[in-house]
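Common to both upcoming complexes is chain A, partnered first by chain B, then by chain C.
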Partner chain A sequence: MNVKQTTVRERRLGITYSSPMGIWLTVFFMVPLLIIIAYSFLTKGLYGGVEFPITFDAYLQMANPNFMRVLLRTVWVTTLATALTIALALPCGYAMARSKHQTLWLGMVIVPFWTNSLIRIYAWIAILSSEGFLNEMLKTLGFIKESLPLIYNQGAVTAVLIYMYIPFAILPLFTTIDKFDFGLLEAARDLGATKPQAIFKVLMPNIRSGIITSVIFTFIPIFGAYTVPLLVGGKDSYMIGNIIVDQVTKTRNWPLASAFSLIITLISTLGVLWMMTSTARERARIKQQPLKDREDTLGPSHNGLTSAGRVS
Partner chain B sequence: MKGFDVTVKDVSRAYGSFKALDDVSIEIHKGEFFSLLGPSGCGKTTLLRIIAGFDSPDVGTVLLDGKDILPLPPDRRQVNTVFQNYALFPHLSVYENVAFPLRLKKIQPTKLDTKVREYLHLVQLDAHIDKKPSMLSGGQKQRVAIARALINEPNVLLLDEPLSALDAKLRQNLLVELDHLHDQIGITFIYVTHDQSEALSVSDRIAVMNQGKVLQVGTPYEIYESPATDFVARFIGETNLFPATVLSCNPYKEEYIVSLDIPELGTSIMVTDYDPLQVGQKVSFTIRPEKIKITTDEPRRVGKDINLFSGIVEEPIYSGFQSKYYVSLSNGTVLKIIQQHNNYMDDGPDIAWKDNVFVSWSAEDGYIVEVVDS
Partner chain C sequence: MKTHRLRFVFLALAVLLVATLLITGCSKKTESGKTLYLYNWTYYTPESVIEKFEKEFGVRVVIDYFASNEDMFTKLTGGGSGYDVVFPSQDYTEIMIKQDMLNPIDPSKIPNLSYISSFALEKATYDPKMEYSVPYYLGAAGIAVNKTEVTDYARDWSIFADTRLAGRMSMLDDPREVIGDALAYLGYSVSTVDPKELAEAQKLINEQWKPNLVKFDAEGFAKSFSLGEFWVVQGYAEGIFEELDAERWGEVDFFLPPDGGPMYLDSMVIPKGAKNIDLAHQFINFIHRPEIYAEFLDRFHFPSTVHTTAEQLKKNDSFYEVEDLATYELKYDVGAYLAEYDKIWQTIRYVN
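Moving on to the complex of A and B:
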């Protein structure tokens, strides 16, 4: 049998097998993305939609200081919420990985997904609002007399965003930490590291891929979030997602909405690329040298040992 | 002698109802190569982890150079460990693994570099400095682990079955290297192993452990030649062990000549012993296979101090430098006998399957293990 023929046939089979995913990605991802790119370079229609001629108007409109403020705030809130999410998810993932009841904890992380996210946000409104559960409880217990402003501000948005996306951070962290050899922490302690030193110098570098995955899984959805700031935020907690919705539904400036969408996609893509290149670089560094020069035999070892002498 | 002495006093440790260590006391001397030997689950690793600081005893004390170290965390004890699975940091190169303890101490860079290279040279890894642990073979990994454990200049080095993951030949080589390293550095080595031949070949002294208890502490020679209990006799090397009853015990020169009734041998035999025994006392009798002589012809001069039996070879096992024979006596009891092949034999070993043979040993070669009532 001809070897070359086989590979050609196999290649053809590969194309056949991967075609459903290829078609799916083209129809539901590439084409919409191209449409968005095209829209962002067109003129705004009077009642929505787009018209010719081709223009850079949308991108020029983005230079508006109000929009810039929202963009900067979005970057800031997203960074803060992501950082806090990871900071909380790390100890959770660690505790889960070391626990004897992993399935139970995994279940508790996954169970909230069974409830629609909007309902869960409304539940937070019920908890945080001025006549809500938390304020009423604090009043009953006598800690406060007047309701605290717990909702419709930046703090509420950050807190609820963390709540919404922490499972996406915990799961990849848990799987990476679960594979970590905890004996390495003992080795670090044995060699003179304190507990925090062992965590930061040995655990953290070895679960880097899990941390990067968690950052991406939380940063990207939070960056595009719009329901949370809409429902629990105030006027000053608008994020890019809200601007896009407004531009599509109220102001009917579709080219501008498209331009903002592209900004989100661009920043997210850069994030994923950064993750992929840094893990690929790590892998390349490990594979660099082949296992060619194994030398296990004793050989002239005594000479080697004695010539080295005792270091003191 | 460098290094510290380690004193373990009345240490017990239980996990639920399982007693990992049951009132263990051991004195390890300065600069000694000391082995903790026993089957898995005997408590030897638990004891090592207590000395290292990863576990703490329910009761008892551990002294290092006379000072109680139990209140200290692992990073503040002057002991370092070579772990069974190496425990190298996968994200660091060989160089950085060895440098790890020094970086924690914030040692000046040039001093650090000199020292790291010196220790890598000590374990002959100069050529592999920049490799990641995943690119090393098992033996190389173990050497990195040894260099990393030594660079802090500990006073006691703990080795937790460091060779068990390596193949037999490499194990022998590294064992010799470890022995050289110990001679050279002169600190105390505490070596945990389940392999009695490893322990016998390198240790100054050995503690044999079983079920959380220390059964015997002694030099390899003492442990092999005069085991304290049945377990030690069976665990160290091979032996023929029989329950026996003392028939008579008479002083002779500086020893005692003891006559033992051994039901399994169907007769009584003579043994010499250094301690007097009570008539009627229950003991165990042990004779090592290599101390029994096996011949096809009946030995001519049989003195009173020679125990002689005849039997049939049930199973001859030839292994080059020696042969092992399973000889069944007339009453069905089987004796293990090992014969060294010191001379060239034209037609192969002269003892074959189903041969009638005579087996004999001198009264001095047997050993009486005193049975402790349990």
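Moving on to the complex of A and C:
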């Protein structure tokens, strides 16, 4: 009886404690989202804004080959940039976690954030343009005679997107790798695993949650990217973010802009749901482990060890 | 003990915060205590002009900026903006007059209206008597050519069809501008609603101009032009020359193609809900005081398109002349037909 009463009271306290955050999220996150959903089903006003009646016009307009082309391009660029970002961030995070100067490296990852992102994009224009630093350097070193077309194409967009979002991938990877017990890698080697085997069968399964977080943290913002394709992209670099801005600022079609925003939001939500279910599954897996008094990080590594052992 | 101390620290911080807000809120009061709220394009009224106005009238001027007419319009229709003077372009001035969003201008409070040129008022067909709007500046985008790289070129819109310059040219990321240029080049109105004429313009842009362009750009092209990346760019003179040191201005040929093209007329209007209507009139009058208006023209090297006497007071040469605009046409609002312009723009911008 007594115990039950306390839990009820505690639960009520929990609501009290979480209510400020809850109200904040409702007002500043849920309400704007509901407005976007509502707008996407309304008729476009002649001079911007929305009017009644409720229609599916915006969604019908979306089924247009021009938009589909941009949507496909956006998915392709985002997937490519995310994959390359993670591929680069993994060794970075690993090196940082093993380094003695972690604070220094962390600082170097974080410091660029203190500069406005637009300024950093303009810096890339100065680096990549035909008379830019990179081309001039290659010319001086004698590698090329004519400037290479490094900017105003898809390659430039992908490269600058990777640069912009790589810190978001490095930081979660670093934190998970930092918690990893590197002794396990040595143990795997002792049991006969090759170096790549140790990495892929012991390290990787253990930092899965970090990888998933990094993927989410890079995929979602890149999918909605707007300034990078606008500034370093060429004729062929439009992404969904650019369409949304165009529909609001040039064509005065708010319902269509809302419908596109909703698509981005839906894809992001699905990504987060995927992350949540995989972490939940991970946790369930750890709980099934026979060892009871072990640290959280040791759980999956035990699993990794056995699999490494089986290899030998 | 510890929690007590913490609570005290928080309380002290809160008191400090409220105090700072109160102090900073009060400290900027001026003699008359009045504040004029402007809503203007970015970098469109020189700082020195604003300072002179503040000093002379003993008021404070607060400026908010917009980057497009659509941004401005959205904010004003949102209601309760509290701006005293706003600077919309012709299409939105017309819309705002139609939608009854503006306070009438009282000509007795603006004696300097007598300086407004008939050239500007003839173009302002939506308000030729300045009942709701007073012209601020009339101009057009043109073409800038880097003369150190390009020596032999056509001084009209067909320069964008020049395959020798492929990969070195950019046009504005603006459907009404680019489609308008093609329409003017073909001899049509820049605000046409004839699907045949639009189809011709679309064909011209997609088949002859676009293959030679690096991109459509309204943000970074001036920087790329100054870096030598782009040799021929379409854009606004003030934005292009702003990126270049004055000693390099001689390297640039800026011209308005004689076939004509779209032109803009920005006006000063007093929206309904403005709190300082008298002060707003004083500001508009102040802007059109000849020596003040000349200061504005000098800052941006503009020709005196809307003012009759400021031209003589100017010290700097203009990047283009009033006569160059003779063949140019104001971009009028095309209303619901804008959707057709957007369809054409999609084939230009989204498909490669």
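Going forward, the second predicted complex is superposed on the first by the 274 of 312 C-alpha atoms of A that agree within 3 Å, B and C clash if a C-alpha of one lies under 4 Å from a C-alpha of the other, contacts with A are read in each partner's own complex, and residues count from 1 in each chain.
Please note the rule applied: a contact is a pair of C-beta atoms (placed from the backbone, for glycine too) under 8 Å apart; a residue touches a chain by one contact, two chains touch by 3 or more.
A quick note: this is a predicted structure, and the numbers were derived from the prediction, not measured.
**Q** Between chain B and chain C, whom does A:G49 touch in the aligned arrangement: first, second, both, or neither?
**A** Touch status of A:G49: second partner only.
**Q** Should A:N66 be classified as contacting the first partner (chain B), the second (chain C), both, or neither?
**A** Touch status of A:N66: second partner only.
**Q** Once chain A of both complexes is superposed, is A:V202 in touch with chain B (first), chain C (second), both, or neither?
**A** Once the two structures are laid over each other on A, A:V202 reaches chain B alone.
**Q** If you stack the two complexes on chain A, which partner ends up touching A:D236: first (chain B), second (chain C), both, or neither?
**A** second
**Q** Looking at the overlay, does A:Y152 come into contact with chain B only (first), chain C only (second), both, or neither?
**A** second
**Q** Just chain B (first), just chain C (second), both, or neither: which does A:A126 touch?
**A** second
**Q** What part of chain A is shared between its chain B contacts and its chain C contacts?
**A** none
**Q** Given the complex with chain B, which residues does chain A contribute to the contact?
**A** Residues of chain A touching chain B: 181, 183-184, 186-194, 197, 201-202, 205-206, 208, 285-286, 289, 291, 293-298, 301-302, 304-306, 308-312.
**Q** Which positions of chain A touch chain C when the two form their complex?
**A** 46-49, 64, 66-67, 69-70, 122, 125-126, 129-132, 149, 151-152, 230-231, 233-238, 243, 246, 248-253
**Q** Which residues, counting only chain C, touch chain A once they are in their complex?
**A** Residues of chain C touching chain A: 68, 70-71, 73-74, 77, 95, 99, 167, 173-175, 210, 213-217, 219-220, 223-224, 227-229, 335-336, 338-339, 342, 345-347, 349-352.
**Q** Name, in rising order, each residue of chain B that touches chain A in their complex.
**A** 52-54, 73-75, 79-81, 83, 85, 87-91, 100-101, 104-105, 115, 118-119, 121-122, 124, 127-128, 131-132, 134-135, 137-140, 148-149, 152-153, 170, 173, 176-177, 180-181, 184-186
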